[in-house]
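Next up: the structures, one after another.
Look at the two complexes coming up: subunit A is in both, with subunit B in one and subunit C in the other.
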Partner chain A sequence: MTDRQYMRVRADMPPGHVRTPGYLRGKIGWVERTLGPFPNPEQLAYGLNAQALPLMRVRFSMAEVWGDASETPTDTIDAEIYSHWLEPAEAPHAP
Partner chain B sequence: MTNDPPFAGHRWHDMGGGAAGPVPSEQHDFSLWEKRVDALMIIASSKGHFTVDGLRRVLEDMGEDAFETMTYYERWIASVNQNLIEAGVYTTAELAQRMTQVAARGTTYGEAASD
Partner chain C sequence: MPHDHHDHLSPSGHPYRPDDDHPLTYWQQMEIAVRELLIEKGVTTAAAINAQIEAMDARSPAHGAAVVARAWTDPDFRAALLEDASAATRAMGFDIGPMRLIALENTDTVHNIVVCTLCSCYPRNLLGLPPDWYKSRAYRSRTVKEPRKVLAEFGVSLPDTTTVRVHDSTADMRYVVIPHRPAGTDGWNADDLAALVTRDSMIGTGLAKSPDAA
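Moving on to the complex of A and B:
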């Protein structure tokens, strides 16, 4: 578990076309695998030439995402998030 | 999300985690025009006029009211149309002329092929 690469999803909330789910912003998960690079959909959406970025499949615990409302805290959810939305982070406290 | 500015961008389509009821499981067949809208999207993107990202962007910009009042493919054709105009495939004036031509065919035109 110590080799997990933890990342925090940026908590930004800009207007415009964004693919990063709102409910994951500010949450910490670990990189399940790296995909891509793929063109940035935030530029493609406006017909612009898009920068190719790594896409990270990030795994979050239900406890991290939903807190006390989580029915199955140790279950996980994966989301594929472009690298510019992720910042290195410390592991969150265990549930 | 606790310090959202007034200009906050968390918009209606980003529904994950929101309150929700049961998920309807019934299926239905798509009508001919809905299949044509789907095909048009594939043709337009394969020709490089726009991508699925552009489709999504316009759908999202249409706002929550459109989601409540329009069907899935009604929203799609509105988005495909706007993306094609933005890409310069045709002008709004050309669209207007064609819509008038099609309307002149009458409401029964194409009925035999609608199933």
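Moving on to the complex of A and C:
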């Protein structure tokens, strides 16, 4: 638990084909596992020469994503996020 | 029908449904145009396209059920499946194409449920086509926000001691849930167990059937 690698999803809203769900932008989770590298879909979607990037499975607590509105705060959401959308972060709250 | 009055009842006693004839949509026309061009230019053939459609239609939840039942009965296979689900299902003889698969195991304390909030990503190459509700806006938006309420509507009520893990299939991976093996099935063989594994139990919106209900 103590060696969790926490990451924040960039809070940007760029136009175009992006596979980072809006509801997770700006949220902090921890890396469940690292996959890839896979070609960046933001380039692939436009027929560009796509850069191969690590793909992280990031696990978020419901409390982090939905705050007081969460159904059960300790339930989790996992999502696959490309590494260029992630930046290292501190734990959002006592795990 | 001799005459088409909407207020007429069919011999079954139900009203006639209106025909769903409508002009092709833009994208339906586009698909036909591209398909005909690809055939005309010799890139592919009508037979090859039909073969691909037949291969997809031949895939069904029964394939996934066989994988789950083997995981329940063969500890080495279970370990291989959790390590690399694509390789394990291919080794079992299923043609899953280039699909990258992750298996998620339900336990006494963890229940997994899969959704694709961005579109409708689904492990089609193992389970076949997804149910319509999987692609609905309601399922996609509600499952990440209130999974327990969604599960309850599917008839699944979980105790507070069970953690719900929602998996948003956002990018390159596809997911299959290994449901919890039902009680009262000790000594069952894999073929009999597979009959208990429903499509919904592999999405995570259901549980495997109990032997009494099978």
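Definition applied: the second predicted complex is superposed on the first by the 93 of 95 C-alpha atoms of A that agree within 3 Å, B and C clash if a C-alpha of one lies under 4 Å from a C-alpha of the other, contacts with A are read in each partner's own complex, and residues count from 1 in each chain.
The working rule: a contact is a pair of C-beta atoms (placed from the backbone, for glycine too) under 8 Å apart; a residue touches a chain by one contact, two chains touch by 3 or more.
Because the structure is predicted, anything quoted here is derived from the model rather than measured.
Once the two complexes are overlaid on the shared chain, A:L35 sits against subunit C while remaining clear of subunit B. In the superposed model, A:Y82 makes contact with subunit C only, not with subunit B. More residues of subunit A lie in touch with C than with the remaining chain of the pair subunit B and subunit C. When both complexes are overlaid on chain A, the residue A:L44 reaches subunit B alone and has no touch with subunit C. In the superposition on chain A, A:L55 contacts subunit C only, with no contact to subunit B. After overlaying the two complexes on the shared chain, residue contacts for A:T72 are found with subunit C alone; subunit B is out of touch. Of the two partner chains placed by the overlay, subunit B and subunit C both lie in contact with A:Y23. Subunit A residues 21, 23-24, 41, 65-66 lie at the interface with subunit B in one structure and with subunit C in the other. Residues of subunit B that touch subunit A in their complex: 1, 4-5, 7-11, 14, 16-17, 50-51, 53-54, 56-57, 60, 86-87. Touching subunit B in their complex are the following residues of subunit A: 11, 13-18, 21-26, 41, 44-47, 65-66. Looking at the complex, you find that subunit A touches subunit C at residues 19-21, 23-24, 35-36, 38, 41, 55, 57, 59, 65-66, 69, 71-72, 74-82.
Taken in their complex, subunit C has these residues touching subunit A: 100, 117-118, 144-149, 160, 163-173.
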